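Some structures are shown below for you to check.
There are two complexes below, and they share subunit A, which is joined by subunit B in the first and by subunit C in the second.
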Partner chain A sequence: MNIDALREYIQTEILNDPKFVIDADQDLLLSETLNSLSVTLLIAHIETTCDVHIPPEDVTLENFSTLRSIETYIGSIAN
Partner chain B sequence: MDLDWNNEERDLYDGVVTFCKESLQHDVGALDANSEFPKEAWQSCADFGVLGWRVPAELGGKDYPASLVAFLMEAFGYGCEDNGLAFALGTQLWGVQTALLQFGNEEQLEKYVPGMLRGELIGAHAMNEDSSGSDAFAIETTAVADGDDFLLNGEKTLVTFAPNADFAIVFAKTAPDAGQWGISTFLVDADTPGYTASEPDEMMGLRTAPYGRVLLEDCRVPSSSMLGKTGAGASIFGFIQSWERSLVLAPHVGAMQRLLEQSLAFARERKRGGAPIGKHQAIAHRIADMKLRLETARLLLYDTVRKQQDGAADMMGSALSKIYLSECLTQTALDAVAIHGGDGYLTEAGIERNLRDAIGATIYSGTTDVQRNIIARLLGL
Partner chain C sequence: MFDFLIHSPVTHFARTTPDHVAFSCSGAELSYAELDRASNQLAHALLANGMQQGDRIGIYMHKSLELGTAIYGALKAGGIFVPLDPFMPTERLQFILDDCDIRHVISADAMAPKLAKLSGTFEGWIYGVDVELDLQTTGWQHIKDLADTKPDVWIVDQDLAYIMYTSGSTGQPKGMMHSHHGSISYARWGAQHVGLAAADRVASHAPLHFDLSIFDFFSTSQSGATVVLVPEPVTKFAASWTEYIEKERISVVFTVPFTLIDMMQRGAMDKRDLSSLRWVLFGGEPFPPKHLRELMEQLPDVRWTNVYGPAEAPSCTVYDLPPHPEPFPEPVPIGTVSVNSHDLIIDEDDQDCGIGEEGELCIRSSTLTKGYWNRPDLNERVYLYRDSFGPFPDVWFRTGDMVVRHEDGLLRFLGRKDRMVKTRGHRVELDEVEAALATHADVLEAAAFVVPDDMGSKSIMAAVKLRETSGAEVGDLLQHARTKLPGYAVPQNLLAVREFPRTSSGKIDRKEIINQFVNTGAA
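What follows is the complex of A and B.
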């Protein structure tokens, strides 16, 4: 799952705002663009779409703070 | 209703009911009146194997699937009139063991799990604070790195087993500026200097399950006591909550069955105006509604549990289940009091205690109001 696909899901399914601007390196967590419920929905979507399992202990600032870090993390567990 | 339990599972259910009725003979009314934890009953439960139902065989447990554990806890709720004990066991199985078994390393598992199975160690789940509550991640307890150790400072409130726990799972901020993403989780032994537990808080119900506060003052713990990764505390908490919300109310189904049977027997036996009170429509309809709540609550519980154990994070199901089971038991307990009339109101029969005990479930593990917020958000509101 790449940055564009992640962005589209967050814009349309979580934020209900397809025009919401999200840069690849923009913080999503500390800015509270995504709250804990949103993150849970995002993880469920990634697990279903990419057929991967994301352990709860991997859901950290390091792995989920930006679209780019999420893309990198997905790549690391998919390999 | 057939939920596809096989004969072996039904035998286990019957065995739990028999164990409760024959081996748990403590005076629940007296312990409730004194807010006293039934230590001997807890040990009996450990000896019977309750605390090992979820634990993998290599650690000495039975490794039962979650749905079977829920079924057996339903049996416990039916056979045991001590709702506080059932709740206390649930917090160990879902609140403490879930955290250890999912996130504990080999050393942590060896240190705590065998002792829990034997009934020698009791754990507490210490998240809540005066500053947080329904805003769970607004905690103020800090964990500051100091060499190879962490220094913990803060106060945890409404902690089940705080007064007599041997260790606590403590959530604290290792990066205070990072909000919920700066929370980490620690296993803290109760005999660590700087760890102080309060006396039991006085409560409306569930009085045999001790609640209290944990004060942490420069409580020094080694970095090896961290459970999971740095900054993963919120995710760990969320994972635990998803299990606890889905499963901790399983004994409620058994309690509803017990209250239904008690009320039915009373309605057949007690006569007014020359006829059993059950012949009066007001009583009969209350009992019909008790049956309706019991069966629908059971369906929702096992539907949610089976999705949860299949790996689907069923946020909607666990929120629906948490609301429905807690509100069903509350209404059923209220109806049981009404059906029993004066006998229901007096403490001697123990009927009113079920009502006091039921209220707690609308509050702990996320209030019913919070669960409705979750459902509304999941529906896109």
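What follows is the complex of A and C.
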């Protein structure tokens, strides 16, 4: 799952706003693009789409702070 | 030991335990001596720029060591600090700046893009910003060159210490005024109840504009202990939060049930050493007993306290849970009144209610607000006066919360009298949400309501009736709401309807809307 796919999911399914601008390196929390509830939705979507299991201890700021860090994390568990 | 002002302990502990850590944030630390000096310097900067005693001082920044300096600098200069949510929309920020006549704002470089939007409208001073802005700024580089002696300002405990803005039913937030006397009463209650000592490391998890933060900052300094500031992004990830507790050896936490339930469900608690944690206080909304019991099982050595109190009268009642595995009453009671507080339950005719009778809780307390800033209309409504003796009547605050006292003497929370709701601990007036949506040109009418979520809290939803010719989509309306409301008050979803269901009296039938919402699967 790449940055574009992640962005599109957040825009359409979480924010209900396809025009919402999200840069790849934008802090998703400090910009209030995501909150703790929407992170949960995003995790479930990634698990379903990529057929992976994300353990709770991996759902951290380090792995989920930007679109780029999420992409990197998905790449690391998919391999 | 020290006098009656909320900031005095910092100077005291700067003398007695100068090297002890006052603030810690992601591994960076500020000692009591450093805090005392830095806040004196900031106070001198404020006074040098014409700040007068009693001026309102905005604090507009994310969690960082400078946040402590900002609070104490504003207080030491004789100012009244006003927390400004760093996430709030510019329009709301502008409203508070104007409403409270704020001419001095302490901020940070990271806020520069948002501060730039104030250019042309804000004519006061911005402190703590070293980057270039089209505003009057005083950076830390300059402030650190100023005298670090205590400024010569005379303050008494009747003076205001802070004004905290919260959701208002008119569509605009309202500011609660709290004196040094009220703040220090709250702080001392907290420090004594939990038995805070210098070795304690108290989490500052709640944002500064949330009244729980007054415990975090000021109960801690009463005891010469350490405030551990939790950066906002860490609070959003349960696993990062539990890791932070472990790394920072946090011993006391005061937060909302939502955070604790999230921590239990997603915090990988079994992977962390949380043995430093000794006391958890929670408040803001009811804690579902099944989740609380599960959490107590996972942290059996921790003490648990339910703290009740609107931000106008914080911590006015309290209930200490019996130690695990003893059973506790369900739902969790809000307990009995705290030290130096007094409760009264009244019916619709302001007559006293007896045991088992439901009524509105009124409180008189040393922690009580001194009213709402600039809102005589509200101040007239929220207080109840009863003759006592002498020239001053007893002043009671009408909480708007319905309660009942059982035979066991414990108070139970039943719900609200009005349309104020709590979502993840945040207080939101549904009237304000509706007013914000109704400012969109295509919205004819709006109805906001809440539905339960799976975290023991509530989610805000809304339905709107649009003009027939409207091409507005849900995303457009939500984006509009984001420019008016703080993030936690923006509806999670919207339903566009042709016509609202109505009650026989013509009012919007919100119960029916909730049914429609659930049936469409929009929730």
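Following the convention adopted for this analysis, the second predicted complex is superposed on the first by the 79 of 79 C-alpha atoms of A that agree within 3 Å, B and C clash if a C-alpha of one lies under 4 Å from a C-alpha of the other, contacts with A are read in each partner's own complex, and residues count from 1 in each chain.
In this text, contacts are C-beta pairs under 8 Å (C-beta built on N, C-alpha and C of every residue); 3 or more make two chains touch, one makes a residue touch a chain.
All figures in this text were calculated on a predicted structure; none of them were measured in a lab.
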Next item on the list: Check subunit A with both subunit B and subunit C modelled on it and let me know: fit or clash.
Entry: clash
Note to self: Between subunit B and subunit C, whom does A:L61 touch in the aligned arrangement: first, second, both, or neither?
What the structure shows: both
Note to self: By the touch definition at the top of the document, which applies to A:A5: first (subunit B), second (subunit C), both, or neither?
What the structure shows: neither
Margin query: Contact-wise, after the overlay, does A:I22 reach subunit B, subunit C, both or neither (first, second, both, neither)?
Written below: neither
Next item on the list: Compare subunit B and subunit C by how many residues of subunit A each one touches, and report the one with more.
Entry: C
Margin query: Just checking: does A:L34 make contact with subunit B only, subunit C only, both, or neither of them? Give me first, second, both or neither.
Written below: second
Next item on the list: Identify the partner contact of A:I77: answer first if only subunit B is touched, second if only subunit C is, both if each is, neither if none is.
Entry: neither
Margin query: Quick check on the superposed pair: does A:C50 touch subunit B, subunit C, both, or neither? Answer first, second, both or neither.
Written below: neither
Notebook entry, point to check: If the two structures are placed on top of each other, which part of subunit C overlaps subunit B: 77-85, 365-373 or 455-463?
Noted result: 455-463
Next item on the list: Enumerate the residues of subunit A that count as touching subunit B in its complex and touching subunit C in the other.
Entry: 16, 29-30, 32, 36-37, 40, 56-62, 65
Item checked: Residue numbers on subunit C that touch subunit A, as the complex places them -> 62, 87, 232-240, 243, 262, 265-268, 271, 453, 455, 459, 474-476, 478-479, 487, 492-494
Item checked: subunit A-facing residues of subunit B, complex -> 102-103, 137, 175, 178-182, 228-232, 234-236, 238-239, 311, 313, 315, 374, 377-378, 380
Notebook entry, point to check: Can you list the residues on subunit A that touch subunit C in the complex?
Noted result: 15-20, 27, 29-30, 32, 34-37, 39-40, 55-62, 64-65
Note to self: Applying the document's contact rule, which stretches of subunit A touch subunit B when the two form their complex?
What the structure shows: 16, 29-30, 32, 36-37, 40-41, 43-44, 53, 56-62, 65
